[in-house]
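Look for chain A in each of the two complexes below; its partner is chain B in the first and chain C in the second.
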Partner chain A sequence: MEQTLKETKRQNPKKLLGVNTEDAKVALSYFTVAFVSLLLGGILGLLQGLERADLIQLPSWLNYYQVLTAHGLLLLVVFTATFTIGYQFANLSHSFGGLLPKVRKLAWIGFGLMVFGVALVTVMIILNEASVLYTFYPPLAAHPLFYVGLVFVVVGIWACCFGVFINYRHWRKNHRGQVTPLLAYFAMGVFVLWFFASIGVTIEVLTLIPWSMGLVETTNVMVARTLFWWFGHTLVNIWYLVATSAWYVIVPKIIGGRHFNEKLIRLVVILIVVLNIPGGFHHQIIDPAISTSIKFLHVFMSLSIAVPSLMTAFAMFFVFERTGRKLGGKGLLGWLKKLPWGDVRFLAPMIAMISFIPGGAGGIVNTSNQLNQVVHNTMWVVGHFHVTVGMSVVLTFFGICYWLIPYLSKRQLTPKMNKIGVIQTIVWTVGMTIMAGSMHIAGLFGDPRRTSDTSYGGHEVAASWISYELIFGIGATILLVGVLIQVYAVFNMMFFAPKGETEFPVAEPEDNAAPVPLWTERWGLWIVLLLAVVAMAYVVPIVDMILNAPPGSPPIRTW
Partner chain B sequence: MKQAIYGLILFTFLALPPVANLLESIMIMHMHMQMPLLVFAGFLIARFFQLKFPQFFERWNANGVPGMLLFLIIWLYWMVPRAMDEALTSPFMELFKFFSLTFLAGIALRDSWKKLGNIEFSIMYIFFTLKFIIMGYLYLAIEDQICNNYLIIEQKTLGWGSLAMAVCFVIFGFYWHFTDQSEYQKVDL
Partner chain C sequence: MQRLEELWLTVSIGILVIFMIIIGYQTFALSMGPPSHKETLDPQKVDQHERFSEPGVKQIGSNEYEVVMTLESFAFNPGNLEVPVGAKVHFIMTSKDVTHGFQVPGTNINAMVMPGHIQKISHTFSEPGEFLVVCNEYCGIGHQAMSTTITVK
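Showing the complex of A and B:
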């Protein structure tokens, strides 16, 4: 019986698994919000790029700082979160053969809460009541409703988290002695991390609401910044975990191979979940009120995340070489030619992975104390995260669209759409390379980030970076073309592409693969370890910040 | 055997003067990081001794209780503020700390780990949870400086840190007790 079940699974997975129509609606709704946000965020990105390069002058009712706040929040929070939820719920539905009805309901509740929250936040930004940038650090204070909007977004995410936990428990209860499908395992990792990441920012926002309303006079700025980066840094690794789920499980199938050793893949997930949160301190290397020895200890925490990253890089290239050789690639690099470069489902994530090499190198620069002094708050940092998020993560997400969206809408990925996807990938790569590359260089000259006018009255030092700002203007324009193509492709595949069947590509293990150990499923243990790591990492600086606190800051509005 | 080598590498790393100095400069890192890591190094190194001298462990630690007691005594000794102070001021005591935590406590813990019965294990677990709670409370409640080498704020930090560890222990205890462990056992269909 077991044998035949396995056989059918291998030969005709669609018979057993599949996203059901109700679940597809959930995922597609999240994708709709994601790509509307991408469009708006992309337009705002171009506007601020042009304003910086002094090519346009934004009107007084929509100034640079409003645009920057909206760009950051729409892309960094809304686009990535909604895409992640859509994709992960589709994976879960596919792996478990459909979501539980109550879980689907939770996903819809989350959707409603998030849309409402985002609308509130956006309105406050447009009313010029919340130019606090996406990091909303105090003492800059926004209108209380801005923070209330953020609370709705977080609660929406929690609804989705609980949905995933419930469905996972349900499946485990009914499948004794079996390991969960790999994509569902990744989903658990993503949502566990999301839940614990959001606790930091929730505490922060709940203290900022009474403060911005004037009910309490002051707030502890350092504690707020620390809680923000508890969340902000972890968010980065949530995207990274989402992207790696596609790299490990989807990409090998697309190139006609098998996935890497599952035990090691699961170990990567566990390491990322357990070690992650304290990495937040590397965003505070310049902050006062954290002692040098603690900052030094935290270098280890953030570099320890390099371990799973390097494991991933190794594993992926191992899979590529093995598959390329199986397909007849010869010589040292001949296998590279055998990979399906003309297939957007492969090309986009592949470029994403390659860009993770400069992205990771830049990250090691940022996390090194002395080098951070040079690049902190310059355009270098903006260049860095446009490479890491704007390329490594976003191109992986784009690549996923080309099979997942037609699969969900029961349509086809036509050869023409594939070609459009390849062009989009190239446009995006060129645009981002130009923009992020020139941002890195301008940053080394000292060009400050988050500043609408950096000409400083024509001072000669400022003159050294002005020409690079024109180059980011060019990159930004190319990128907007990329955004338009991508948004067109997404909605075309959602509503207009020819009807048909599309494959949901999930790689299988090697035939002789070792069984996957069940202990990897002990999420209770991983969560306790995560909490213990957080407790050890945060107790020293937080107790210091609170017991040795300065008087605290009243709300300040600079605009 | 590989494990024993990893353990030795960890031990050597912790013994490097800059590493030891850094960890010992912060009270909570001294107690909640350096010392447990030393025990963990011994836990890994134990493999070597277990393979080399199986009769010894068989004879002296047949049911795991003697090993556990040895571990407990050494661990509790190093929880005494006076002992931590001495390790910082006297090189001999520092040496004894590295030796006793790794080669007595760590090895004893490893050898007893699998041998202890469920009840003994649960007693140990509850004992350590209570120890964290009581220590946390004491360090937060005491107004005097109890270590020559550490300021009061470090004491308070250690208090909060101990309570946080207690919370982790309690959560894990509930998780362990209330989930069906057979779920994680392979079943043959």
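Showing the complex of A and C:
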């Protein structure tokens, strides 16, 4: 029986696997929220770009800092979270042949909680009650309902986390002695990381609610900041893990190849999950109250995340070369020509991967004590995360849309839509290169980030960066065109594209691949290791920040 | 594949290790570490604090100065500083309200200044000119106006 099941799987996977219709609804609902957020967040991004370039003046009822707060939250939290959940739940449903009914229910509960939370947060921002930016560092104090909204968002994400854990465990129980499908393994990594990442910020937000209501007089600003970055930087690597799931498993199939050695892929997932959380400390390199030796330890901990990334870089280019040569590519670089550059499902994630080279290098600069001091809180950092998130992650997400959305809506990716996708990818690449490139340069001159106007009364130092701000504006305009094309493409593929079958491209292992070791499934052990690394990184500094804390700060509103 | 992969990882991890050694040497042997001062005070009683009751510039050596500065939305106190060329300046700062940044473009001066914490950073101004000082952490609706100058002559 088991043998025949395996036979069928190999010969005709579509018969057994596939996203259940009910699950497709879950994924498409999350994608709808994701791309509405992208549209709104993109428009707000352009408004900022134009205000900084001094081309427009925002009205007093919608000032730069409100726009910036909303842009950050809508894109960094709402867009990425809802896209990730939609995509990962589709992967799980496909890998497991449908979600368990109670897991699907959890996904809907999570959806409701998140939408409600986001609505609450957005209303507070629009009312100018929460111009505290994405990082909401106390003692800047927003309206209590802003923090309550954030709690709803986090609890919504937890509902999805528990759904994944339950379904994963259920599958493992019913498939003794087998390793889970690779995409499900990635999903487990993503949600384990999400759960542990959000603990820090949850503690922070729960202490800020009574403080912002006046029930508690003061708060420890240093601890709050540290807990925020526990979450804030881990989030970055959650996106990155989501993107790598497509790089390792989806892209090889699209180019007609096989995936890399599965043991190594799983090792990369384990390393990203285990090593990640302490990376947040490099956001605090020039903070007071953390000793240089602790900061140095964190340079090491942040840099260690580069190791799985370097493994990924090797693996991906290995797969490209092998596939290109199999397709007849000759000579040193002839295999590159054999790759399907005209296929948006390949082109978008490929450019995403290439942009991870400068993105990762910039990240290494940012984690390094002295170099960080040169660029901290300048536009360099903004340029950096527009390359990493805005290109490496987002272009991968966009590329996924072109097969996943028609697959879920039982429609086709037409050649015309593929062409629109290719154009979108080029527009996005050009826009982001112009914008992020000029941001990096302006940052090196010292142009501060998160500032509505950096002319400083026409001071000559400010003159060195002011012309670059015009280039940010040009880049932001091109990017909004990219957003509009993408949003059009997504909703067209969801509701209007011609009906039909679309492939869910999952790469197979090489024919002579070694069996995947079962020890990679020891999630209990990986979680213990994750907690051990978190303890190594956080116990000493946080205990120090609490025991040697100054009297706390009261809530302050400076807007 | 295995050998190539090992080579790739050895070289790249080797580069990271060299990176760490350089950063460590600069931090601990050359004292170039980032600003990390650990003294604290009551953020609501900065004016009564022995050190911050009278912010200002004090000469402490032949061409060495100490600048005691408070930051609050949206000003540096004292502002518009003047120091001679070649002066070594030690900035001792705290915030009276929210988190601020203290950045002087064109130098390596860049530090977070937080309520309840005293932050220190030193710099030798070897070139004459007027340096711009900006707050580089969002501190409220007037954040873009929070700046001052250091004139070196």
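Before moving on, here are some points about what is shown:
Operating definition for what follows: the second predicted complex is superposed on the first by the 552 of 559 C-alpha atoms of A that agree within 3 Å, B and C clash if a C-alpha of one lies under 4 Å from a C-alpha of the other, contacts with A are read in each partner's own complex, and residues count from 1 in each chain.
Here is the rule we go by: a residue touches a chain if its C-beta (ideal position, glycine included) is under 8 Å from a C-beta of that chain, and two chains touch if they have at least 3 such contacts.
Only a predicted model underlies this, so the values are computations on that prediction, with no experimental measurement involved.
Once the two complexes are laid over each other on the shared chain, residue contacts for A:459 go to chain C alone; chain B is not touched.
In the superposed pair of complexes, A:31 makes contact with neither chain B nor chain C.
Judged by the touch definition given at the top, the superposed model places A:240 against neither chain B nor chain C. When the shared chain is aligned, chain C comes close enough to touch A:310, but chain B does not. Once chain A of one complex is fitted onto chain A of the other, the partner contacts of A:176 are limited to chain B, with no touch recorded for chain C.
The larger set of touched chain A residues comes from C, when the choice is between chain B and chain C. Once the two complexes are overlaid on the shared chain, A:407 sits clear of chain B and of chain C alike.
When the two complexes are overlaid on their common chain A, residue A:96 makes contact with neither chain B nor chain C.
Looking at the shared chain after the overlay, A:133 reaches chain C, while chain B stays out of its contact range. In the superposition on chain A, A:296 makes contact with both chain B and chain C. In the superposition on chain A, the residues of chain A contacting both chain B and chain C are 296, 548. Taken in their complex, chain A has these residues touching chain C: 63, 65, 131, 133, 137, 139-140, 221-222, 225, 261, 284-292, 295-296, 299-300, 303, 306-307, 310-311, 314, 318, 364, 368-370, 372-374, 376-378, 445-454, 456-457, 459-462, 464, 548-554, 556-559. Residues of chain C touching chain A in their complex: 1, 4-5, 8-9, 12-13, 16, 19-20, 23-24, 26-28, 32-38, 40-44, 73-74, 97-99, 101, 103-106, 108, 110-119, 130-132, 134-144, 147, 149.
Touching chain A in their complex are the following residues of chain B: 22, 25-26, 28-29, 32-33, 153, 156-157, 160-161, 164-165, 167-168, 171-172, 175-176, 179, 182-189. For chain A in complex with chain B, the touching residues are 1-2, 172-173, 176-177, 293-294, 296-297, 515, 518-519, 521-522, 524-525, 527-528, 531-532, 535-536, 539-540, 543-544, 547-548.
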